[in-house]
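Both of the next two complexes hold chain A, though its partner changes from chain B to chain C.
Presenting the complex of A and B:
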């Protein structure tokens, strides 16, 4: 860390906040329905799943890895929940099973990365297909939606006007923030991402860190899955398709380099909100929704170019 | 007195059976053969000329995109936007095919759009410091949006027969798409093996810093690799249009690119760059086709197919993990 560390972080966060405020100002001007408490709370409700998964991705990317399987884990976990419920398992136990499966999927990713020393991009590309196949196969491509009404709690409950899952999101943000910023584990995570060899010689157990990282990513996908399944009240094998790319987009828009060694819980969350605001604002403003993809892509490339050009001048470009 | 043989001299050994069997193409082809033998025994009707023809036809588009992706991976980068480029080129070239009813303008527009999109990727990666996975993820969304905007979210249907020579035609009993892909492969392989560009490409992916010091034009290598990847995605779009007679907005997804990257990896190209063969994307695509076809003939419900893909990707990657140390000739 150099002396510029704090202003640099501040500048990045400020840039992201300004971008978000700018987008919100434009949408407020275009539609009177945008800046209302009900619309903002609804966005927070819908962003929760992406937000939780993006935090898992932020951890994986900070360690120098990548996890393409999170969307498939969400699907598999959701299907396990539905399958268990279908076979009369009490809903509490079913949720436990879903979270357990998600954690297991993550640990399986970690085991292949650590024990077989395979490239995480290929491992999670493989398990993406593997978990997706399992998810679709278990329910034979169908859906299950006969959940008991008590299952409305994780994804459809409100505390006053605040959606319940947003509180879960806030809790996850807090836990991940504390773990990555204020504990030795968080320092080890970043150390592995910056320089694996140096971390190993400093006594960090690289394998344990990586296993924990992929396990955490899986578990967070599981939490998102329970919320998602409860929100749409249906378990389908194709749930969560393409989520992995959105999560990666959020992490890099949040300013973390894809090369590892950096994590910002707050900026990742801001980026998720920004990526969520764009389609919402476009719909309310009556703009062709196809533009939202263009906008997300442009925001992404611009944010990363901004970060790379302004804040990493010391990198030697060959 | 015992003579200790220096380890370094092991590289001097003459090409023998051992080196031959550790060649990545041989191992990847052996994997395909194992799958073919397995399905020939278990699945009735698998082993026939007609079925083989339908297998190679079914993976022609993936193979075409994988040829370009392979170049990008060899250069040490990755292009996750090829699926979106195919969609964009398809939706721009589709109406051209409908209005002109002729192959050549369709092909020109498809290739042009693909090349342009590839150049955008190439410029982003070679001129800014944005890592390729991030840059092409951004353009994945951007091209996807552009494709949907251009199409007005309407499907292109019933491309006339006169405009689908690249899709439905036959030449000497082989489907045209397969021939087109083979010709593209031959051109790329010859260029990659026999030109300075080809050697510089491997150097760029193998050790970029060393290559830069030795005077390899890294930026140009990256630009060309991404441009070719886009061009081949445009070609894939024209094949797709001809083969399926149209293009649907539902194609605009991310499934295709994952299959394309999987094809390169299964075929034996190292995702870290600098190591691999020209044949890898074709073998990988062929294996994907054999698995899909075999499973369908076995009567397994299609929903399980991703599971088999996943298992094969993991097996192939694990297989290559134990191969890399022995194989040194691919550089």
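Presenting the complex of A and C:
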């Protein structure tokens, strides 16, 4: 850890918060329905799955890797849940199976990266197609939606006015924060991302760290999948398509370098919220939603430019 | 404008002015449409959610809805995913509920995936209807059927049968595998073919995702392997002209292997005038959406028929309603003679 770390991190977080407040101010001005507790909770509800997956991606990117298969894992896990439920498996067990499959998919990614020494981009590009193909094959392009009503719990329940899944998200944020910031495992993760060789000579078991990283990413995609499947109450092979790019975007907008060695749980979460505000604001303000990607793109470019240009080492005075 | 619902700070005029000046930076020149008018209970906003906003078919529906809305005193908010995506529709519905509109109407990308969100909208007192592609029956109050599904299916089959001497083997390109309207037509086509055209056979059904590039690729791939055994290509999702292109790229004369089915006039206009597509079938999305607004208005006023009956719908006259389904009419067959009259 260098001496610059704290002020730089604070400035980055402040930058993201400013961008978020700016976007929220715009939409507040445009629609009286935007800044209401009901809408903020609605956004938190809709951001939950992206937020959980983005944290998995943050861990993978911190280790110097990448996981393009998270959206496909979400789809496969959702289909396994639906298929198991279709065949009379009790819903609790079906959820367990869905989480288990997601973890297994992640560990399979890790195994190929570690044991076969393949680049994670190639491995997960392959498994993206593989897991997505399995998902679509199992339900044969169809959808399953006859879940028992008890399955509304993970994605449609509320505690008072607070959506249940947002509490799960908060718990995941807490666990990932503690694990990556306050434990030896977290320091090993960052060490592997900064300099694999140095980490190896310091006695870090690189292979074990990598396996754990991809396993965690898979498991988090599985948790997101259970919430997603419950929220839309339907299992589909195409669920989660394109989520991997959103997750990578959140990590990068959150200011972590794509080269690894850094993780910020809070900024990644802020970035997910920032990206999620835009479609919501567009709908409430009645702006033609065809243009929403322009706004998403501008916000992302602004955030990345802020992080990369303003905080280049040469520009920072000690 | 002054109904207080959020926290005080951001409702300040100053904060709004800062917001407005930021707006200039963030979305300058984006051609934004009307800002939402809203209010609880008395809203005159109808949220119209297409399968995808970038499809001219739905733009035409939007235009038809606007015409009826102007006559009845509503405004239409046209929002949705920019590519056909059920999850994107769910997000749009959930966000729209926060707007407290009078009604939400949707062309469902997946009848079940959008159902929980639509039920939440109904629980919030919003009138929910479906048009073009129906959703789960308990997730909407009524459905606007653009034309009888049975007549559409018969039109698809008959226009092809006339071009192939009533026999042969066919590839059928649908939109997405889970789209309910596609599956309904296919379900009507199969028995109709079996009883009226027993020498015609659907060899394979592949999804074309309403996307010309996908249609081009699936038709090319299929015909590369089954050129000699295929008599014609049915396209019943979007992107029919791409099927003609696929044939031509493989050196197949589209006159010898006809492409027929459902089409968007703007997509096939050139091909119909060139003769590479003889005719194809569709309905008017503008009329469907126009009728939809009249049905929503009737529902809000309590005059929508319970059970069977008729619904007065402005320039379309009286439409028949059966069990929550409003029937707009018969499909239209587009030919070189009439296609220039359609603008979507």
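Note that in this section the second predicted complex is superposed on the first by the 313 of 318 C-alpha atoms of A that agree within 3 Å, B and C clash if a C-alpha of one lies under 4 Å from a C-alpha of the other, contacts with A are read in each partner's own complex, and residues count from 1 in each chain.
We adopt the following convention: a contact is a pair of C-beta atoms (placed from the backbone, for glycine too) under 8 Å apart; a residue touches a chain by one contact, two chains touch by 3 or more.
Just so we're clear, the structure is a prediction, and the values are computed from it rather than from any experiment.
> On the A-aligned overlay, A:148 touches which partner chain: chain B = first, chain C = second, or both, or neither?
A:148 sits against neither chain B nor chain C.
> Which partner chains sit in contact with A:137 here, chain B, chain C, both or neither? Use first/second/both/neither.
It touches chain B, and chain C stays clear.
> Once the structures are superposed on A, label A:35 by its partner contacts, choosing first (chain B), second (chain C), both or neither.
After superposing on A, A:35 lies in contact with chain C but is clear of chain B.
> What is the contact status of A:26 with respect to chain B (first) and chain C (second): first, second, both, or neither?
second
> Once the structures are superposed on A, label A:248 by its partner contacts, choosing first (chain B), second (chain C), both or neither.
In the superposed model, A:248 contacts chain B only, not chain C.
> After the superposition on A, what does A:118 contact: first (chain B), second (chain C), both or neither?
first
> Could you say whether A:291 touches chain B, chain C, both of them, or neither, answering first, second, both or neither?
both
> In the superposed arrangement, does A:90 touch chain B (first), chain C (second), both or neither?
After superposing on A, A:90 lies clear of both chain B and chain C.
> If you stack the two complexes on chain A, which partner ends up touching A:305: first (chain B), second (chain C), both, or neither?
In the superposition, A:305 contacts chain B only.
> Give me the intersection of chain A's contacts with chain B and its contacts with chain C, in residue numbers.
Overlap of chain B and chain C footprints on chain A: residues 141, 241, 288, 290-295, 298.
> Write out the stretch or stretches of chain B touching chain A in their complex.
On the chain B side, the touching residues are 78, 80, 124, 128-131, 133-135, 137-146, 148-149, 153, 208-209, 211-213, 218, 253-254, 258, 261-262, 265, 271-272, 301-311, 313-314, 317-318, 321.
> Which stretch or stretches of chain A touch chain C in the complex?
22-39, 42, 45-46, 141-143, 145, 152, 156, 228, 231-234, 236, 238-241, 279-280, 282-295, 298-299
> In the complex of these two chains, what residues of chain C are touching chain A?
1, 3, 5-7, 10-11, 15-20, 22-23, 26-27, 30-36, 38, 45, 47, 53-54, 77-82, 85-87, 90-92, 94-100, 110, 112-117, 177-178, 207
> Which of the residues in chain A come into contact with chain B in the complex?
For this pair, the touching residues of chain A are 66, 68, 112, 116-119, 121-123, 125-134, 136-137, 140-141, 237, 241-242, 245, 248-249, 252, 257-259, 288, 290-298, 300-301, 304-305, 308-309, 312, 315, 317-318.
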